[in-house]
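Same chain, two partners: chain A is paired with chain B first, then with chain C.
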Partner chain A sequence: MVSRVATRRILEERDDVVTICLPLFLAGGQKERDFAKNNPCITVDGCDKMCAAKGVEMYGKVHPKSSIAISEITKKEKHSKPKSKSRIEPEDEKLVHETMKIINKEVDKVKEEE
Partner chain B sequence: MSMEKKVAIAVCTGMDQPLATVSRYAGYHVLEKLRPDKTVLLCTPALIGGVQEDVTFAKENPVLVIDGCGEKCCEKIVNEAKGQVKAIINVEDVLKEHRDLQPESRAKLGPKGMKLAGIVGELAARKVDEILGDVNKGGR
Partner chain C sequence: MSEKKKSKHIIIPCSGIGKALGTITRRATYIVTGELLPNETDTICLPLLTIKDEETVRKIRQNPCITVDGCVAQCAKKNVEHHHGKLKGEIKILDVIKENPKLKPGNVLDIGPDGEKLARKAAEKVLKIVGEKS
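And now, the complex of A and B:
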């Protein structure tokens, strides 16, 4: 949930990022896979299983420019783990903001390298 | 005594479309409110990532898929992992029967979208009961 909400807010704030539909990408969507091949890709995973990052590598044959995991941010910044699967509670907002800061930084870095 | 089976709910994890959000809210509704003791959430990206505990769970327990759109990605992913798909609900099909319940956006479903999620959730809860009824009768 934190991964999705933070990413969605970034998409609403910036006009130089887009999201690809991960399930469609994984299920064989050629347009999604071609897009990831032809554009720099940042993955934002919820946990340390890193399924988005692994999936992009395995099925898109693309090495993400950056891979972010919320579980790492939680550990590093000593945030408590969000309790709800279905909503962001007020106490989770700090973690969402922290994640957004990291995504923004990574996007800027990728853009500079371009 | 055999372990009691639970139904694994696979929801759409896409971010592009409001119908994906409806799929997820419907899934949470079943998991948290309607059938909390009979269901667990299946992580579909983990199936593709080959995370063994998730793959094993999908193989050993009946799976109810709630797909968001006609691409049917969830169904494809669970089938690819050789999971036991026992029932499929597609939010797009449900919306066709309730055309007035168009969700507002992918971030905010609004009252109509939430009502649609509630209807999909109720439908899913009935499917859970049917699946577990079959399992108890000795079906796979």
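And now, the complex of A and C:
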């Protein structure tokens, strides 16, 4: 939930980023799979299974430019894990904001390198 | 004598964050698995299926699956079919929207009261499929 909300809010704030549905790598066509190959990707994963990062590697045959793991943020910043799967509660907002800060930083870093 | 583990229906929402409909698929899934039929249903993380996680692939092959998709791409259904899952039924939120034209969902981050009603309508459709014989 946190990874989706943080990503969605970034999309609404910035006009230099887009996203793709991860399952579309498999359900879609070559155009979707080429998305990762043709665009620098920053993955945002909610747990240590790292589906987004692995999906980019598996289907795009490239490494993400940056991989963000929410589980690492909760450990490092000592945030408690969100309790609800359906909604972001007020106590989760700090974690969402922290995640957004990191995504913004990584996007700016990738843009500088391009 | 060991008892055969009773299978659960696996309800699989899509992962879309482009429109409210994706959020509604997940809300509908949690209504079913968390409130209405917690002992008879379960869910999986669709991206885990996309990356071919062994345990997730085994789960959808061993249990009847109901997909809940938010758009015409039907990622949940296609991912289950690709991995030879036991697809018992599919729900398309676009159909739920057409059947309830007065309900206007909010946005991706907040589906609003009408979005919640649409999620409950979708959950009712899931219940119907769960009740059907395989």
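Convention: the second predicted complex is superposed on the first by the 111 of 114 C-alpha atoms of A that agree within 3 Å, B and C clash if a C-alpha of one lies under 4 Å from a C-alpha of the other, contacts with A are read in each partner's own complex, and residues count from 1 in each chain.
Heads up, the rule we're going with is that a residue touches a chain if its C-beta (ideal position, glycine included) is under 8 Å from a C-beta of that chain, and two chains touch if they have at least 3 such contacts.
Here the structure is a predicted model, which is why all the values come from computation and not from measurement.
Chemist: Putting chain B and chain C onto chain A via the overlay, clash or fit?
Modeler: Overlaying the two complexes on chain A (C-alpha atoms) leaves chain C and chain B clashing.
Chemist: Have a look at where A:Gly55 lands relative to chain B and chain C in the superposition and call it first, second, both or neither.
Modeler: both
Chemist: After superposition on the shared chain, which partner residues are touched by A:Gly29: those of chain B (first), chain C (second), both, or neither?
Modeler: First partner only.
Chemist: Would you sort A:Cys21 into first (chain B), second (chain C), both or neither based on which partner it touches?
Modeler: Both partners, chain B and chain C.
Chemist: Overlap of the chain B and chain C footprints on chain A, residue-wise?
Modeler: 4, 7-8, 19, 21-24, 26-28, 49, 51-52, 54-55, 58, 85-86
Chemist: With touch defined as at the start, can you tell me which chain A residues reach chain C in the complex?
Modeler: On the chain A side, the touching residues are 4-5, 7-9, 19, 21-28, 49, 51-52, 54-55, 58, 85-86.
Chemist: For the complex, which residues does chain C have touching chain A?
Modeler: 14-18, 22, 26-27, 30, 34, 45-53, 73-76, 78-79, 82, 108-109
Chemist: Chain A touches which residues of chain B in the complex?
Modeler: Touch residues, chain B against chain A: 12-17, 20, 24-25, 28, 31-32, 41, 43-46, 48-51, 71-74, 76-77, 80, 106-107.
Chemist: Going by the contact rule at the top, pick out the chain A residues touching chain B in the complex.
Modeler: Chain A residues touching chain B: 4, 7-8, 12, 19, 21-24, 26-29, 49-52, 54-55, 58-59, 85-86.
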